[in-house]
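In structure tokens below, several structures.
In the two assemblies presented below, subunit A is common to both, partnered first by subunit B and then by subunit C.
Up next, the complex of A and B:
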């Protein structure tokens, strides 16, 4: 009997301490009801104070972009704060530029709602929702890119502009103990309201892409947040020069299918798809078929290092070289042009330089960064 | 050098799943300070300087970016740089870095190293080359063979 006394005493003390801590926490951190004024009174929330601004807003159905789920490791959840919330925290400083500090932009996952706060949010954030969906299909389109198709369940419909992206919530798996969020462009057209489709390339060591390629199964239930982004087709009559390779094809595919479905086929469109060799190509039949039904659309895949077994008779070279050749000699110069780019900052910067040489100033891009 | 709260927090952030799927420590069971101190000693024995090494690696990455994902030849190296969407935070919480990975091969001896913008920052600012067994571990002897042979 005496052998149980010491552990019982320790357990009792631990329990008592936990109770005391809970009571003190409830007293000290009880900020009561606090008001959040958004966009100078356009929306006013009355919330229970004490939690970070990011999670407080999401609990009210307002989703500020975050790639790390509020862990302070992505710097994406920036919000302009119009009232005093105290000095910048050491956890915010690494993510802030001097200009942002001058404008009182703060990391919403780091500042707590302890007193009335006034903030400014872009209007488009009010259209963002959290969705629950079921993985309907998983398909390898290349050796390292998967097409992921999700059927939406709650809500069952999504409204977005072709070209936008959503944040996929990756659940804990294997030795990953916390959920993570990552942004992926939606590759399905907006007309397919009950589904969202993504093209996801495996990034070695990546938390989200490892899950998608090695753990995700058809039938899995997933959450996603969106839509986000300002990469979409501009409503003009300008010719469209589109450049994207790899998984950068996703928003381009969505835009092209949307244009075709809505009958916006009077515009001339050239889509340059750059890849290294034959194994990096996909959806060739889809775009060749689109060319047959849309005379003003031209699909130009280019390989920088075709292999003999590819039997490639298409364009060869870096995509910027092929683009330049077409702008120089093939694409008519009789109409204004817009550029639409999706890819790495390096690719986008290189294409912008090419566009500048040909006087194309209106350039829109979804820079992977 | 002591395991101060800064290093304790950083080591915690280096575990699998915090920032990357595999983390930064591999199967190394030493603490962070021991890993850094040992690599600093080896750098010194090999006559290498962290700042100069980082400068050259940064230069090679910049050249590699011109290939837009395809390998390029620059001087005695073949360099390929891949980029993925998004950023990675430093486990020391002093910055975020593009997901940009360079594979640099010395064409004379065939040896290669792989590093990201983040691992370049970890080398330069924190003298951290990742734990033994980590996929992105930069062995000092291999750095010397690739960059200076």
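Up next, the complex of A and C:
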């Protein structure tokens, strides 16, 4: 009998402590019903308190953009808070500028709803919805980029501006226990209301990209939230200089197809696409075809390290060098210019410097971090 | 047998003459890593003091009414650690609710404290030296204050050392360990003045 006493007592003690913790948790973390006042009474929500503002709002159908899904690592889910929610947390400070702190803008994934709270949200956030879709096709466009085409089921139509992004909800898989959300730019044109298409590059160790590349199958049902973002074509007559690399192709493809379909072909567009070697290039035929039908559109793919088997006769060099050369001598200087950039932060920062040197100030970009 | 020591004497002894950190060298890991910054040191010292006092009291009760009667002395280490972890968890929740400002100061340190060996050390000493309940609580509170004092002293010294021309090979942890050694020698002067067991 005495053999059992030790395990029994340790188990009993642990259970007792666990019960006490659960009781304390239930008492201490019970904030009851709390009221959220959005835009000065325009919308008033009654919610269960205790959870972060971001998830509380999304459970009520209001989706604040967040690329990391609430882990406090992207700094996208900023919300203006009008009532007092306590001092800034160490997890918020790195994402805040002085002006934002002065306006009491907070990271909604970090602050918890514990008492009645007043917040301000941009009106367009109310248009953001959660969609259910079916993976219609999965294609390898390069060795590490997949084109994922999703047919929307419920609701069956989406309206967005070309260049915007949506958040894909990645279900738990393998040893990833929680569902995660990641932002991807929509690469299909807005005219195709029943579908969204993404270009997703495999990031070694990435939760979402590994899922898409290794686990996703045609016919899978998944959820996505959107549209978000302010990367879209500005309605001017300036020449457009677009630069992309890797899966940065996605929003640019959407913008270009949208412009062509809507007949905005009087604007001159140069599209520079940077890749390392031939195996990183894709959609060449599509854009060559577009060039034929759209005389003002020029597609300039460039390889930084072409390999012999690529038989490459196009531009060679880093995309910034090629861009510089074109701005210097090929692109006419008679019209004002706008820059549209999409790709890695390194590429974007380098391109912004080039634009600055040529006095191009209207630069829009989407950093894929 | 409960030793015949006045709890107040024990309290002061554990701060100065037998400082848990500088005479027993317990809790060194967080002592060295956090002492880079004075305000964090203050927060951590406060958290250690609070957790130490509460867990020692709970562990004394567990020892006296559960471990001893059933002859489970050999499970002491495991049980103490479980109790410490559970108490820290509860403290974290309660502080978050009662005082968000205090939580801001202590929040990130509380989970760190679960594995601070000074806290387990104090619980084990109180058992080893057969302290009574009141003695244990005073001893734990004093040890916590002693730890707090030591880390704040070290943080202040390190601030000065940062501006001093330290030889390159000794920069960082090297000079810190030497500093701690000299501090320990200073505290050694008090050793044995008050009987603690």
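The working rule: the second predicted complex is superposed on the first by the 303 of 369 C-alpha atoms of A that agree within 3 Å, B and C clash if a C-alpha of one lies under 4 Å from a C-alpha of the other, contacts with A are read in each partner's own complex, and residues count from 1 in each chain.
Keep this in mind: contacts are C-beta pairs under 8 Å (C-beta built on N, C-alpha and C of every residue); 3 or more make two chains touch, one makes a residue touch a chain.
From a predicted model like this one, the values you see are computed outputs, not experimental measurements.
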For A:205, using the defined touch cut-off, is the partner it touches subunit B, subunit C, both, or neither? Pick first, second, both or neither.
first
Which partner does A:286 contact after superposing on A: first (subunit B), second (subunit C), both, neither?
neither
What's your read, subunit B or subunit C touching more residues of subunit A?
B
A:21 contacts which: subunit B (first), subunit C (second), both, neither?
second
After lining up the shared chain so the two structures overlap, which partner does A:245 touch, if you call subunit B first and subunit C second: first, second, both or neither?
first
Output check: A:221 vs subunit B and subunit C. Expected answer is one of first, second, both, neither. What do you get?
neither
Thinking of the overlay built on chain A, is A:153 touched by subunit B (first), by subunit C (second), by both, or by neither?
neither
One more residue to check, A:87. First (subunit B), second (subunit C), both or neither?
second
Quick one: classify A:5 as touching subunit B (first), subunit C (second), both or neither.
second
Contacts of A:13 with subunit B and subunit C, given as first, second, both or neither
second
For subunit A, which residues lie in the overlap of the subunit B contacts and the subunit C contacts?
90
Looking at the complex, which residues from subunit A come into contact with subunit C?
5-6, 9-10, 13-14, 17-18, 20-21, 24-25, 28-29, 86-87, 89-90
Per the contact definition, I'd like the list of subunit B residues that touch subunit A in the complex.
13, 16-22, 65-70, 81, 83-87, 89-90, 93-96, 98-101, 135-136
Within their complex, subunit C touches subunit A through residues 62, 66, 70, 72, 75, 78-79, 82-83, 86, 89-90, 93-94, 96-97, 100-101, 104, 108
Where on subunit A does subunit B make contact in their complex?
67-68, 72-75, 90-91, 94-95, 172, 174-178, 182-184, 201, 203-207, 209-210, 245-246, 274, 276, 304-305, 318-320, 343-347, 350, 368-369
